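The structures considered in this document are given below.
What follows is chain A paired twice: with chain B in the first complex and chain C in the second.
And then the complex of A and B:
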């Protein structure tokens, strides 16, 4: 911003001072107070009272509460996991919508949203608020309970699949031994939501759209599921956690190199499953009425939309987990450098070096810099004192950061998110590039190409497992 | 020619990825202005009003201003004869008045047409003589002509153009550009004070209301003989907001009454 001339600033200051002064006069009586003042006069004491009450009751109730939570650990875990997964979908969907706007804009040689928030990052939040603020409208003749439940079913079907996805060692909702089966079972439920929405809308176009999307998703579910069986054969388990662990080591251990055809089939089928371009016939937004969601508006439509983006994330996460090593590092971690000496649990020589030596050096360098560049305003003791304080704070923050990074699950989440968002980017990239296929091409491709290819993949994998006598066959 | 499955997809994906990193075409308009020539006016075209009448009045100012002389005018006259380079708008006074009437939806006395009547040119000749018939001294010549006649007669402008050799459009353009030069006799002058206290008391809104009543704006060319001006300085002792008519403060002009007052004044003056 351009600096204002001093006189402008003085004027502004005078105006502000005047405003403060007149406010002080206004607050002397209730009658003279502005509505905001009156509100504050009521709310501030109330908030203070509630805060003090909360603190007191927390102190009193802390022991019994902890006892109760300790006695009901499975329940607590359930609540925490469900809350965490539901809450995770919100920033995920916002991030994906923002990514889509921004990435496709860049591919169109545009800039994309750049006004709301830094680099337009709050754009999807504003979109969400807009959808929330719209009228919750149900057309005449609609079967209201089913009409309302349909987006909920679709959304929950997506969210439930998040339960079994391992984000990092120890960071997952539930480690089922039928994890993958659960995933596809829950993912398949989203068809039910689409059908419900199409049927309940009391509109033949919605019904046809719903049936068509059901046909598409059910057709693609078959090659999708069969292509994954190869991975199950290799890993010898359906638990996603163990599948991720089976690929630990380096990038060469990933199943993508053992199952290249399966990755291709899975990726294509997953694109259709998530209703993404070039298979987004479910709501071909530029061609036909919006398919099953024709009659939807407001937040009911918002949930379909929401579920679509959560689906993209989930599908990317599943590809990562099944074929790209999940949360494991792509190279033999801790290469290229060992972070174990920073482990918070053991105080080793590294700590003494950092705290004792590095701190002194940093303090001296900083103090010298302050003393040199600050001129005579700073005496030597105060300059070095300040240098010591800054260096101490910096080193402390660095140590804490290093300890956090050294944690297993932080690294796990890092690698998992990096890989997942690479696939999210690929999905968005495809949407920015590929044209939509025709509906007969869509179905023909699934039945004539993907299904035989996935069966072939399954056959070859099974034969290899037996012939090579891989560990999972024993 | 070999067919490789997926090659087209790969090509397309590569193209979009290159575009992803390519420089963007967007210009962040309010913050960043495109680098254009100062006199760039976009694509040239003639506009029509809502009645389908060409808005162009063939005043030739655009042709005169065009640095590369790409603008010229031509068309069919009333006898369906084609001319390039029509004469000045004032020779088509009737047509122009009709057009102006339609566009404004109000009775506009076409002063240019009225003052096109021949005048006694002796005073103009004297001024031109003193100024050595120099087209470079156009502004002083026009000012003196206005001082001599009380307004700028169109006949005088035509004469000046004819004698000095300056194109008519140039003289006409000069006369219309300066707000103190007027094609009509100034009968009355309304002045609004715009000192700080008057502005706080609402003189800005009053000026707007009066401008609407007089079919003009502050310091624009007057219409119908009533000029609207800004008072040079507040008259000591006068109340705010201050409005004067021919130098006399008008006490009864307020924000609410300004529009009606000015409309009545305009009607009186024209009649």
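And then the complex of A and C:
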């Protein structure tokens, strides 16, 4: 019999030490269990229960649920679209923020974030948590309702523009026949949020930032919109889906080759519209501290921050859709093999073979190889673990490749994202390279160069459509 | 205090007694002003001069903007009260003194050796020049002969520091115009130079290296190897770094024709250094009033005629090239010998007065010292170029846009430690 120590903490430590010495005791008594044992005792039964429950309810409920969903397709579509778009914004913003941190760091000969997660990839998640944890502060003199609403307006305006963007054939929020008009209307609303934030903050830097954003966006909306009219004339529609379809074929069918001037104008004006360097006058940190968001903190600031990066993604997506073929592949896709057995509608042996059997076999083979030829640092479990990870990654890539080949919507999303992120990279690149222009240079450039150029582009395109008697003129 | 519903279940909290809020309480005054829509940043005292009264009278459609002392783009603790009409600057009231420590008085209460330590933090980006000015004045006061090797080491280390200072200037100028990248490239150069000087002097920024009659230590192996390493690519790297900005259309357009200081104005305000040479006056203390071994060295005094921010930037980049040339010559001509003159432990110069001036990265750094025969200077006056350069700011800014404030102030390259002394 041991003498029990005096304090409670020491008692607990002694009990735990005894539990470790005799493993059998650890599972006989809750008090003697180590934290990991306790966690396992809670989680394992819970997981078993949930799994069995899920299987049973799937068996029982699957048929009626499918019937119900089939009967209410518009409702289902609405809910899915809303959830999908709202859920899309957060990882997009996280990815863009991380990309900007890392890419600009490389351009600055720095390392960039490398502490949180692999290669610092969780940095923007930590940023998000930090912003959530901060105090939501409204200084003296602030017009509280307007001050509170401003980030919401900005964020919602950005999110709503996502509604009309076609990610792939069949993957879009809503196919308006005035899709482009809707896009510009909603995009123009975001300036309202900036103006509200600037005005309500009771701070002169904020006020200057808000007014700058209003002036800037009003000026750049005009060349932005007019430069797009050429595309509308060529495609004969304002629906973004149809514009993307009109460019299908190969890369030579993209509108960038028919509207080179419009691409240039649109890109410059869109940079100003998204408040990105070199047109980031609204938040010029060396002049007006942080512009409209000077007085914001916590999640209110977070909404502005998110909206900015979502805007970059949206603008890149729109450039891709209008001028670079949207979700269409840059070349014709001659695939000679029949991959119908991989089709998601015929879930069958092929999937089970790939996911289950092949994965296990590959993991074992790789693990064995690593274990046999291991260096000193690999024990048997970690060798097999590594083999499993490599095999899993390989199988995942194989599945994605198979999906790209077999399913046109996966293919569409793949090409769309590749093109969009190329433009996102260009925006980040510009931020690392260029200084900021001055207000008068900004305005002068919009009215003296961009507007005449976009009008010229519109005139030439319209004349060509009539003279060449293109299909959209008929 | 917002009222809360009374709690029924628990004991009400004991509140501290309500503090007396007088009418002079700034919080109450601010609240009243806000609610009455009367908020104006008038100075918190009756205006003292006519100029102040004129400045703080606001016209129609104008507003004040406090730029600093805490602002991401003002260098140090410079505060500029701007009177704006829209984005256009109507008038400027610079407010100085946030860093004032009374260094001159401290120096007058230190003995001659300690003065060098005290003047270091004034020009904190290039401390050796400030030391040099003090040491030069004292050497004149005491008729000390400095060994030639010490003079060469002085020139060598000071020119390295000039390059570091000018490179930093380039980075900050770009940063103030919104370019994020050049500052990082500048800091690479600056770090190498600073580490090099740390190997020589033992400190990274506040060196305390020059002594009356020489320098604290001879060149050592680490310094020489670092210097050789850096010199092998310094010229190429400088060209590459300046290419980041010189060939950038946005930067050039923002800097050209902004803050034009003509020759008469620069002379009238006592502007020196690169700012004066950018206005077309080829005045360089190293050539006009030669000191140390500069007469034996071959270098040019770059001059430009435009007098705008771009010219001030380009002048400094030219000076970096000249400094590399000077360092090369120093390394080639470095004589052997001692690095310190023989001096008594306690310095008591004869009564007299002396003026020592050197060409710092920002202009003429001068020290006027009067001795009364004791071991402490009777008067120790510091002429700081940043202060003279900053005097033109209120005359350059009006008529320009808010964004140009940064392009102009930054191109004058002020260091607040020297300005506030």
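The rule we apply is simple: the second predicted complex is superposed on the first by the 329 of 474 C-alpha atoms of A that agree within 3 Å, B and C clash if a C-alpha of one lies under 4 Å from a C-alpha of the other, contacts with A are read in each partner's own complex, and residues count from 1 in each chain.
Following the convention adopted for this analysis, a residue touches a chain if its C-beta (ideal position, glycine included) is under 8 Å from a C-beta of that chain, and two chains touch if they have at least 3 such contacts.
Just so you know, these numbers come straight off a predicted model, no measurement behind them.
Enquirer: Would you sort A:192 into first (chain B), second (chain C), both or neither based on which partner it touches?
Expert: After superposing on A, A:192 lies clear of both chain B and chain C.
Enquirer: Looking only at contacts as defined up top, I'd like to know whether chain B or chain C touches more of chain A.
Expert: Partner touching more chain A residues in the overlay: C.
Enquirer: Is A:204 touching anything from chain B or chain C once the two structures are fitted on A? First, second, both or neither.
Expert: second
Enquirer: Which partner does A:432 contact after superposing on A: first (chain B), second (chain C), both, neither?
Expert: both
Enquirer: Looking at A:413 after the superposition, I want to know if it touches chain B, chain C, both of them or none. Which is it: first, second, both, neither?
Expert: neither
Enquirer: Just to be sure I read the superposition right, which of the two partners does A:106 touch: chain B = first, chain C = second, or both, or neither?
Expert: First partner only.
Enquirer: Please indicate which partner A:140 is in contact with in the superposed arrangement: first for chain B, second for chain C, both, or neither.
Expert: A:140 contacts chain C only, not chain B.
Enquirer: By the touch definition at the top of the document, which applies to A:441: first (chain B), second (chain C), both, or neither?
Expert: Only chain C is touched by A:441; chain B is not.
Enquirer: Which partner does A:277 contact after superposing on A: first (chain B), second (chain C), both, neither?
Expert: A:277 sits against chain C, while chain B stays out of touch.
Enquirer: What part of chain A is shared between its chain B contacts and its chain C contacts?
Expert: 107-110, 432-434
Enquirer: What part of chain A is in contact with chain C in the complex they form?
Expert: Contact set of chain A toward chain C: 104, 107-110, 140-141, 202, 204-205, 208, 212, 277-278, 280-281, 284-289, 431-441.
Enquirer: Can you name the residues of chain B that touch chain A in the complex?
Expert: Spelled out, the residues of chain B in touch with chain A are 9, 12-13, 15-17, 19-20, 22, 24-26, 28.
Enquirer: Contact residues on chain A for chain B in the complex?
Expert: Its residues touching chain B are 103, 106-111, 114, 429-430, 432-434.
Enquirer: So in the complex, which bits of chain C are touching chain A?
Expert: Going by the criterion above, the answer is residues 27, 30-31, 34, 39, 63-65, 71-73, 87, 174-181, 184-185, 188, 248, 250-251, 253-254, 401-406.
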